[in-house]
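These are the structures in question, set out in turn.
Each of the next two complexes has chain A plus one more chain, namely chain B in the first and chain C in the second.
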Partner chain A sequence: MRKSSLVMILVIITVIIIGAIPLFAASYNEAPILRAKVERGELPSVEERLPENPLVLKPLNAIGKYGGTWHRLTTWEKWYGLRMSMYGHSYVRWIDDGLDIAPNLLTDWQPNQDKTVWTLYFRKGIRWSDGAPFTADDVLYWYEDLALNEECSIPIPNWAIVGDKPMEVEKVDDYTVKFKFSKPQVVLMELLATWPDGGGDWIPYTSAPKHYLSQFHPKYSDKYTDFIVHEEKQEWWYNPKCPVLTAWMPVRHEPGELLELERNPYYYAVDPQGNQLPYIDRIRVECLQDGEVLKMKVVQGNSDFQIRPGFGLRDISILKRNEEKYGFETLLYDSGSGGGDCFMLNHNNPDSVKESLYRNPSFSRALSHAIDREKIKMMVYYGQGEATTGTMSPKGAWFHTEKGKIVYQQWKNLAVEYNPEKAKKMLDEIGVVDLDGDGWRDKPNGESLELRIDINSALRPGSGRLDTCEITKVCWENIGIKTEINPTENANLNNMLKEGTFDIQVYTVNDGDPLLYPAGVIPIGHEHFAPLYGTWNRLKGTGLLSTELDKKPRDRTPPREKPAPDSPYTRLYDLYKKALITADDEKRAELVYDIFQIHIDQGPFFIGTVNNTPRVGVVSNRMKNVPRREDLALGGFVDPWIMSYSAILNPPTFYIEE
Partner chain B sequence: MLEYLVRRICYMVITLILVSIIGFLLIALPPGTYLDVKIAELRSMGTNTASVQIEQLEKKYHLDQAIYVQYWNWITGFVRGDFGRSFLYNRPVSELIGDRLLNTVLISVSTIIFTWIVALPIGIYSATHKYSLTDNIFTVIGFLGLSIPNFLLALVFMIIGATYFNQPIGGLFSMAFRDAPWSFARFIDLLKHLWIPIIVVGTSGTASLIRMMRSNLLDILNEQYVQTARAKGLKEWIVIYKHAVRNAVHPLIMTLGMSLPAIISGSTVVSLVLSLPTTGPLYFKALQNQDMYLAGTFLIFLSVMLIVGNLLADLLLVWVDPRIKY
Partner chain C sequence: MLEREGFEIYVTEEVVEEGHEYRAITQFEMIKVKFFRNKLAVTGGIVLIILYLFFVIFPHFFATNDFMQQNEDYIFAPPQWPQFIDKDGNFHLRPFVYGYQSELNLETYSWEYKINYNEKYPIYFITRGYNYKLFGLFNMNWHLLGLGQDKKLFLLGTDRLGRDLFSRILFGGRISLTIGLIGVALTIIIGSFMGTLSGYFGGKIDDFIQRIIELLMSFPSIPLWAALAAVLPAEWSPIETFFAISIILSLKNWTGLARQVRAKVLSYREEEYTYAARVAGASDLYIIFRHMLPNCLSHILVIATLSIPGMILAETSLSFLGLGIQPPMTSWGVLLKDAQKISVVLQHPWLMIPGIFVVFAVLAYNFFGDGVRDAIDPYSN
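Showing the complex of A and B:
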């Protein structure tokens, strides 16, 4: 007993010493502009500003130099592109193109046996950009005072609701919290890594600067009775006064025109030599009104690094021509797109005959066989990418296992072959033949059949999507099906999706994991192939579902309909829901492959064209440490918005060398 | 005169009220609201807004009220200088529009001045040298100017400027001067940028003014009083400038009032293409996103500019021609 406790003590002492070595050894370095401030006494020293155990980011090629301004261009007045390039507020970060997850604000996390309770350990000593410490109270403030407060429009994120009940957050100490769920939350870390610092308008907040924002909160201040001012102040990309955790902090904002950021002196990351990141001092984002002007400006070398919003493959020649003159390089990254522009037939079509046709796999497979994908590949994608029936992204982790590879091939090759004769035969078999002799095939009941592709009218002529539609229209008319392309104003198109009155919509499926982003694969929400069923599924667990049952599905607000229990729409949803609470990894994998199998057996639910076509990026010659395609684990995975692509490239390690 | 002014101002107020009602209705007319855009955005991020939250949002944006209540709240705010909140930017509208209105006025006024300075002499020259080679050249240029769409011209200018002259594209200031205080160098920088929009927006106006000036002057030069003047032995330039041009310029002044809206709408498209910080792009975004109060406020201000412009044109006409009764 005594001996073993002695050993224990020795071990503990050794651990403490080894653990303490980096503390003593660490001498951190900082940017000259910050050092000047420290010397003037305006800032505490870098050691005091950094957390005990800073995040270490490894630069791609070389240790960088401090200084410079990163010029960026955007057409998004909400600065999405910029917010996507920073992993500041995220608990964890994706690495290796989404194959793995690494710590960010957290240093460690621990689920219990059945994954209902997650203990999260935050990096000790992280500070907001104004120097105030970041603690568990900031997490509690976000969750209890904002998300759970029904007066406030910050919603409870979906990952926090498992088994129809919002999680509970318990503060263990200043740097430890527990997330408690009523059912297993099995993909918590993956979901926390998605949408870094916001892809949309309300970032999926996972913390909020309590010391600043609580002065606008009705509970903490007598001055306010509602959240109008709070909601204005919390948007840090519009409000430079709001403290942030990102590598750069906004210092000036002119709505719709300009956003200027400066390095955050309290950013918690260093490079392997102990230099505090980021290397670049300032970011200046200009908002342009028009995508073509943006291209022109980029071509003139006005942007140091640009992926989004940006270029199509057709722009490569103009980029290449100007590379030397303006000093930049054109990059190509893999998009990881699952099928390029996909055609989604409306399984809740207002026309009941069409509806039953669209639900018949033979019909959609016939349409798929009729599409000349090689032609689309050559004309729209300049020979890049691979013809596909339309799947989830081939980059997705589920397709990288033994079983996954087989499933992927099956799905991809389901109806990919260009075979108009086969297509015609399939249509003949299900009774879609020319009954009135006008040269066009008709519905089985004798009415004339016309497919209508509803697309956004704002698409520029020459955009890839329009070309894809034109080619497909000709292909479908070649097998005798009359097709019309219907450009519709965007608001109107959204309404057609919501009401389920569209006929065929064009959609892209870019994501790799149905459990993280089910769009397009699982009928949830109205944007996909079964809008009314999707809305029904989405509303499950809310009080709204049981109301208006006496009305017709299309007369309800929002329009919705209950899918039959044995239909793929219910089964897909049930499998998805079940997988989300299945703690056992193998069983969960089973369920995910079952989801894919339904798509293979009863699909395609979306008819894809060409997958994994490249995305164009531009990097100026003075910008260093920017990864090229060959430096990346999967060669890039640009398209999924949840991955938020440029953040994964570690912009704080970029530097500028004139 | 005073009575006339008062009457005109009363008409202006009534016109504005009508414009605001119709405009507001039209802006609110398309299916869906800004909220739909927001909710769709939220959902795309994997967040199901609970119905309570949707109600909160509707209340926040006053979208749960009837359209006439929304209108009344908004329009009565005008008196207090409160133009409502922009949904898109989550800011009071008044914070967003100030500078942009100024820029719009700057570009519009410079364009008008440019058009007149260029169009009048050319028009007069063309009329007095009818069917000469120069007249024919100006005629061809004029027709080209009339028929080329603004935005196309803007793109062509941009490409030529960028490729051959290293001219900066878009904006009203270079990066270095954008935030600098006013100085001579900054003014020069502004001029460097300003000429493209002025020429682009002004071309079609110039062309039509040239045509108008030429035909009017041609008519007038055939009048008997011009012959009389010549017969009296007056110098030719006095005949033309004092007697003929002064009478030929009426219709042009009348079009001045009407050319304001054309310049404003013309500059919207051009501003979009050239990324100018005028009202145009913001107005356009607001309309696209159903940002009702922002769009409505722009509409009101642009109408005010148009109406005031018309009034000024009318007053100018009175000043030019003492025969006009009002």
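Showing the complex of A and C:
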């Protein structure tokens, strides 16, 4: 892929810049509150606190002023919105909406010829927020003492397992490690850039403060025999005592109510003039119980900047009306969503007649042609976005090449045209006609046909998803297919997905690269169009796969079934697995386009509606250096969580000016 | 013993005087007289009759639009109030509405409506509109109100999919007003049966039933609901869930009635006529159905009328919390859930109108029930 050469150029440029800065700016500047501490002798000087080559972050508009408190609101007790806003523990970071990768903790990285061994060079002299040096030992501690330890709940990240074997980590010196894989790991840097690392739930850990956490580790401490205390202490967003590498460090946590953070005096980044970042002294995140209360508070100007937890397009008018009164601005970024709300027909349907219907591309294309996407676009999305059959994100790098552009158009236009007559004709051809004369089409075997859209009942009626379903229901009934919307309790719905008993689920496909986040496109795991096959594929390489073979697929734990070798479910998975270990950029691209081609030839496997609709952000007038849509390389790419919004916007360079 | 009809007939024959036809009025007539003296109760009753006519029996006739029809051109349209005086100050006997057009304002992301004063649509009474099936049988297209032609009248405005709110309130009421009836019917059957059983037999049966009642009463409602919502099979359609909900609602609600009936039965079973019946060799079943239940009937009726509004409110609040009836089905609770957002309060306040109907229905039932309670015991003062 062309990325690696670009990355190299970028690395060289960065190294030159970084190397040049100390020559011109021999000394660094720091925040007044830190200088006071230095003068009182409570802190070492800024030169001692910063690494040899600090990371340089360029502010969007102006060199900022120190001070102030960034107010945020959330409804998530796990503080996801804030954690997604801080690159700190990440080795590398996305820049330009994911078009490229820049150094963060690393200054450089070097794969060997076949990309089985990656040498990573860490920035020398980085310190944890308590002043202890960050070294290769912290990486080894995370990997060998936590991730590889089966008793510890920290999992081995997906990217570390290639060829069904976890990687090995070798310490070269204090600032150099080698990741060794049994097969080529070709997208390591991209995968390391996904999510702002730091751990917890689906966000991977990539290091851990050994000097602090090892006191709770059974291997290093006699006091503990299990990881219960360790697991509590390692969650830095709950435990202000746990050292961090983020720009701000938690200082006060009241569970479910408040999280207060203060600037990390050891944060390793500076602006081009040598001012240590971040500019803003404090962050205060308040947790609210109810999303509507949050909106009310944001409307009254109580949030300085936030994208998540989010607002819907229907909230924009209320935001806009209060902008002047409360001094804030409503921002619209591109979501980058590939299909909006997509309908996924269950290819492992418990009803065998429905199953064969759903697998028939003519049927799903007929359903797709029946949907009036322009109507959905107007009624749900205020005319924004583009009608689509449902693809991966149009922002994805694979669609930006010559070939990619053609593939994207083919996929997007596959069955996007609103043509009920064509849909009816297609249904007639495959024998889905009204056999009993009740006005509704029946299954080819004469049984009555009724589609059931299973959606989460906790969705508020104002969320666009229910509206999309209600409009689609009318569209499908217009071509004679009876449709029912079935709002289902969330836990029940998850069970239906796991057991493959849902009929049609609604899913959003947001991501741009199947190799980074395959959900929805490759059958892995149960959350997509062929849940039983997906579970089978996910368990490949584990011992579980050969057990329970005498049982029926649905009676196994977890329910799973082996897909036929020549079926698209196997082919998609095989292509994906092969692409992941293909070191040659051109060959890998071929494999990825083959994946898309299967979707075009035998799909749609998910019937999309409207793509790339706007996402709403709010910024107060006193918050500066916040990029607008036009400042971003792709206008935004907010929806895939792996794109790390809003850490990608460089919050340490934001500043407050009253 | 005045309840016994034979006795009253006997009295009637005794008191006839010459020239005048006197007769003792029956119990039912006394109830009627007392009830009709209570103006509030009568009003409540009339409102109820109107509500049920409008909402349950002929909703299609009163609806101005198909309540499921989505109108792309009228999203969040404000109410069209019928007017009598036009903008030039001329009075019209026939009410009319001005036409309006929607325009998407992308500055503010809102649908703006411009009233077109050149388009004046008179409102016709009993006119032709969309097609429907009366009682699910006869094809009809007559409606009470309409603008004629293809023009649509949105009396109370429209919702986020451009569906007519007035018609949705009518059809939402059909569910909200009937779920109460089904639930109350079940409550009464279970409650009076268990209460009579408990009071009449006493002893271990009584103990057992009372403990069950206490157990059910001590269950917190909302968590129980949340659990039930998770337990109901996910594959059930909203209509099946709807019935399950009304059944489950009554499975918890019968306890209050059962206690009251038990107390009544406890006193009736010590009455002399009960002893007499028993001595005469009547079976327990005969005594229960001939003496116990009829005696409790007035009480049960009162409980019934007073608990229907409770059921309506329960449905409304449960749907509002997302535990009861779910869209795309329509009930008043579902409509109010739509109004739960701040954007509605500030921008589309007409979506809160269903709340007024809930208040109306509940008040009407309460007044009616109070009147019935006062009237059913005509000797009390």
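Going forward, the second predicted complex is superposed on the first by the 629 of 658 C-alpha atoms of A that agree within 3 Å, B and C clash if a C-alpha of one lies under 4 Å from a C-alpha of the other, contacts with A are read in each partner's own complex, and residues count from 1 in each chain.
Here is the rule we go by: a contact is a pair of C-beta atoms (placed from the backbone, for glycine too) under 8 Å apart; a residue touches a chain by one contact, two chains touch by 3 or more.
Keep in mind it's a predicted model, so treat the numbers as computed, not measured.
Participant: Regarding the shared-chain residue A:Q273, is it in contact with chain B (first), chain C (second), both, or neither?
Facilitator: Neither chain B nor chain C is touched by A:Q273.
Participant: First (chain B), second (chain C), both or neither: which does A:E231 touch?
Facilitator: First partner only.
Participant: Which touches a greater number of chain A residues, chain B or chain C?
Facilitator: B
Participant: Of the two partner chains, chain B (first) and chain C (second), which one does A:Q110 touch, if any: first, second, both, or neither?
Facilitator: After superposition on chain A, A:Q110 lies in contact with neither partner.
Participant: Between chain B (first) and chain C (second), which, if any, makes contact with A:T488: first, second, both or neither?
Facilitator: Only chain C is touched by A:T488; chain B is not.
Participant: Have a look at where A:E292 lands relative to chain B and chain C in the superposition and call it first, second, both or neither.
Facilitator: After superposing on A, A:E292 lies in contact with both chain B and chain C.
Participant: Could you pull out which residues of chain A sit against chain B in one structure and against chain C in the other?
Facilitator: Shared contact residues on chain A (touching chain B in one complex, chain C in the other): 292, 296, 489, 491-492, 495.
Participant: In their complex, what parts of chain A are in touch with chain B?
Facilitator: Interface residues on chain A, with respect to chain B: 77, 150-153, 155-159, 161, 191, 194-195, 199-202, 204, 226-228, 231-232, 235, 238, 255-258, 284, 286, 288-290, 292-293, 296-297, 300, 489-492, 494-495, 498, 516-517, 519, 525, 527, 538, 542-544, 641-642.
Participant: Which bits of chain C are touching chain A when the two form their complex?
Facilitator: Against chain A, the touching part of chain C is residues 68, 70, 72, 75, 104, 106-110, 160-162, 229-230, 232, 234-238, 322, 326-328, 334, 337-338, 340-343, 346-347.
Participant: What does chain B use to touch chain A in their complex?
Facilitator: My answer: residues 30-32, 36-38, 40-53, 56-57, 60, 85, 88-91, 95-96, 155, 158-159, 162, 169-171, 175, 178, 271-275, 277, 281-282, 284-285, 288, 290.
Participant: Quick one: which bits of chain A touch chain C in the complex? Just the residue numbers, please.
Facilitator: 292, 295-296, 299, 313-318, 320-321, 375, 378-379, 382-383, 452, 454, 457-458, 460-462, 466-467, 470-471, 473-474, 484-489, 491-493, 495-496, 501
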